[in-house]
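Working notes, structure below.
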Amino acid sequence: MKKLGLFLVMWMMFIGSASAEVIKIPVAGAFTGPLASFGEGIKNAALLKAEEINAAGGIHGKKVVIVLEDDLCDPREAATIATKLANDPDISIVIGHLCSSSSLAALPIYKGARIPAISPASTNVNLGKMSPYYFRDVYRDDFQGLFLAKYAKEARGLKKVAIFYEMNDYSMGLMLAFEEKAKKLGIRIIGKEAYTADTTDFKPQLTKFKMMKPDAIFIPGYAPQGTLIVSQAKDLGIKNTIFFGADGLDDDLMVKNPDAEGLFVTTPFLPDKAGPRAAGFIKAYREKYGKDPNWFAANTYDALGMAVAAIEAVGQDRDKIRNYLASINSKETAYKGVTGSTYFDENGDCLKDAFVKEIREGKWVSSEKQLQ
Amino acid sequence: MENLLEQSSLFLQQLVNGITLGGVYALIAVGYTMVYGVIQLINFAHGEIYMLGAFLAYSMVTFLGLPFFLAFALTIPVCAIIGIILDFIAYRPLRNAPRLAALITAIGMSIFLQNLALMIWGSQIKSYPRNILPKVFSEPALIFGEVSISWLQVFILSVTIFCMIFLHLVIHKTRIGAAMRAVSQDKTTAALMGISVNRVISFTFAIGSAMGGLAGVLVGLYYNAIFPTMGYVAGVKAFAAAVLGGIGSVPGAILGGGVLGIAEVMGAGYISSEYRDGISYAVMIGVILFKPSGLIGRKIGEKV
Amino acid sequence: MTALNPAKLRNHTLISCLILFIVLLPWIPLGHSSNYLLRILTTAILYMILALGLNIVPGFTGLLDLGYVGFYGIGAYTSALLTIHYDLSLWVILPLAALNGALWGVLLGLPTLRLTGDYFAIVTFGFSELVVLVLRNELWLTRGPMGLPGIPAPSIFGHTLVHEWEFYYLILFLLLIVLFAVTRLEDSRLGRAWFAIREDEIAAQCCGINLIRYKVTAFAISASIGAMGGAFYARWFLFIHPDMFKFWESILILCLIVFGGMGSIAGTMLGALILIPLSEILRIVLPQELFNARYLVYGFILVLMMRLRPEGLIPFERSRAAKALKTKKRIGSATGKEAV
């Protein structure tokens, strides 16, 4: 599929004529590189959805072709890809990007070219505000951080929390939101330490935390570091401390690590709490890929669904699609998909429910205590 | 407010972490310093040999199913050979070329090897599956109150000490060691005395790379994180350690490694974790600017 | 002087055609990919500028600056921050960034340029790593890892630049300025002193050249060009982030000048023109996993060039300045002084 997409783009570049019989929808994210496992869900869901649409006749008879654009979660790659896509007249909407830093880099380019984008995964707080052309069907970090603080207090009764965050948009945004709410709720933040993406030695800071004896350590970061942190904590003999995080830790790397037993995360999508519409999606995904879909997949499936609905309704005009998406702005007009009802506020953000799941014996299970 | 006991426990624990890290840096630094001693070249690619050591052991364990200690033992000679090959194809042809050319070649090889590893193993961080490692590693070996030293740390420290003693014996008690010392003092005279300079250089690379690769295996185990760019940062820090101790001096490299490891961990623990890597860079720059001969090394005059 | 040389004539025609092509590129109808191509070429020309700046240090003085990306980053952040906070025009920012770069060049150069080549290289490397660390951690200044998005584009006579071709001509214009500066330098007393240092430091010292003064000047000028490149970059890309200024960039720029010919201006430009679009070609041709490792090619080029053709594609020896230097040497030996 990717090779086909590549070939189509090349063909387009060198002949310069518009191809007529297919509708190309680019999906941008990290499909190789250290965060590729997040991109996998996105890729799989996009391809699955496209297959289903084409099997049902496509959009007014034209087949949907998914063009995968790999941005490696690198802002520079994202900007290069964005330019390429924005200049392609056959592209009228983009599903992407994955990482908030990529979205931030691509956003001005899409805005300049007036091409709408729906991100299934970028949770940074500012994205929706910065452009009328940027939408997302995932919740924002400030909401997530807030929710986590409430959950920590009300559902788990945590009193002393240490935070171990990464120096990037996502992690810091989440950390700040959590901290603010936690203080209001009376949770003591007994320590805050930072790391960078290439840190592998967390022991000095974990040693500090160990001495403070926290009830829990909040890791608002990504799984590649999260898995190292929990293991090194175990090596240091840190006991009686719960680890928790957010969507960034929602990955096989965490689940497969026996040291992560008991870790809980927020997630926009829980297969067993999702509605009946989701059942079909989960079953199809399982059949095709041999595993359950994660929230990246679910959000992408819905984002693509919205894009297709838009094209079906108003054609391939960029501004018209943008306006159509903006009109999905209330419970009544909401898009009903596998992640529930999705609708956008005036910034293009959406507020969805958050759920909590935890790791028990190498699997994700929905936590007994949920906040609704 | 933490009491004195907690504070000193924290300090001691960090010290233990620091010494362990220092031992690793020393192992890598020794390789840099020996090569610089004999051919006055900063072997930029040394960090990559460290990285390859980690990957090789990992691959042997996960793909060939070898038991860990066997993989560990096999990686050492393989890395030695890689070092020899590196010298042979990249540095030896430029033995008489200007220094700049050799330096650029070293950088080029470093980049090349990093990306080669990226191509072969991918960029995802690799970890040893928990069940393959000897169970005992996760257990603490010694506990003093809040301070614990794990068996893994003991293992790393013992290996480091063993290597240092071994190296000392080789350099001071064997003929090839004497030859190494001769070549690093004065290459031309050594050649005139009948020493095969190229052979000595190859041997130097072999030992240095063996130790570097060994350090890689240990670190891969200790943090359980193996990835293609791990050699880059560790290499710089180890080089800083070598410079700190006095480039060209093996005891200096060991001392420098220890000091840098402790300084880094203490800095990260007490001052600022964000600037952790910066400590090494600052130390390196400081030493080069103010005391280029390092803690132990000798003054390097410029011959006219 | 010499008879009309057909090879030279052919070369000049070739070069003129190339220049014409480059200048008229935006008007050539290439369909919808033209913006993409323009962007690639703008990148190539930006790197040409950067390479010309770096070229001064190893090319003209024989030292290896491994920390060049530090100045690039300083220039980019200077430009971005000044634009965001004070809304200054690009024409004010460019000289300011250049000055800032030069300042840091002097600050870094003064204590370090007396070191031997290896140590100098390492210290410059450490410097650029520290710059990245500061950029990443000092959130109050640079917003750290959140980067600086939404930098306003430059405006000329009230018209804000929007299209790729506008930026293209802007960078071409900047290239002309830098080219002019560098060629004049090559030919000047400053330039000749630099070449003397490159050929043999000690002999140059004996001829009365104050090593430190000339080295620091070279370094400062190199830094200011790098900073200027960064200043443009910030207001073209409209988003900067500390991770864009890592060590790899220094290596890439080094590769350009090694490949093209260290010390030779034409070589440096050719190196950039070939190797930068190469990266885009690799992106199209290679599967993604291999593309992520494309620096392998650059590393390989470095090793290969040093082994087979260390003087680069267009060697320094062929340039006008080198010829002038040789003339001086010949005169020197004719009067009985030892040719170095």
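Each chain carries a letter (A, B and C) given by its place in the written order, and its residues are counted from 1.
FYI, a contact is a pair of C-beta atoms (placed from the backbone, for glycine too) under 8 Å apart; a residue touches a chain by one contact, two chains touch by 3 or more.
All values derive from a computational prediction rather than experimental measurement.
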| item | value |
| --- | --- |
| Chain contact graph, described as a line, ring, star, complete graph or other shape | complete |
| Most extensive contact between chains (C-beta pair count) | B-C |
| Centroid comparison with chain B (C-alpha atoms), farthest chain | A |
| Geometric centre distance via CA averages, chain B-chain A, whole Å | 39 |
| Chain B-chain C separation of Cα centroids, rounded to whole Å | 34 |
| Residues of chain B touching at least two other chains | 122-123, 274 |
| Multi-partner residues of chain C (at least 2 other chains) | 136-137, 289, 292 |
| Multi-chain contact sites of chain A, meaning residues that touch two or more partners | 32-33, 167, 196 |
| Touching residues on chain B, where the partner in the complex is chain C | 40-42, 90, 93-94, 97, 99-105, 107-116, 118-119, 122-123, 232, 236, 239-240, 243, 274-275, 277-278, 281-282, 284-285, 288-289, 292, 300, 302, 304 |
| Parts of chain A lying in touch with chain C, wherever the complex brings them together | 2, 6, 10, 12-17, 31-33, 70, 72, 74-76, 79-80, 83-84, 87-89, 101, 104-105, 107-109, 112, 130, 166-169, 172, 196 |
| Contact footprint of chain B on chain C as seen in their complex | 58, 62, 64, 66, 111-112, 115-119, 121-123, 125-127, 129-130, 133, 136-137, 202, 247, 251, 254, 258, 289-290, 292-296, 298-304, 306-307, 310 |
| Contact set on chain B toward chain A in their complex | 2, 6, 9-10, 13-14, 17, 21, 122-125, 127, 130, 138, 140, 146, 148, 150, 152, 223-225, 227, 229-230, 233, 265-266, 268-269, 273-274, 276 |
| Parts of chain A lying in touch with chain B, wherever the complex brings them together | 32-34, 36-37, 167, 193-196, 198-201, 203-205, 207-208, 210-211, 224, 227-228, 231-232, 234-237, 257-259 |
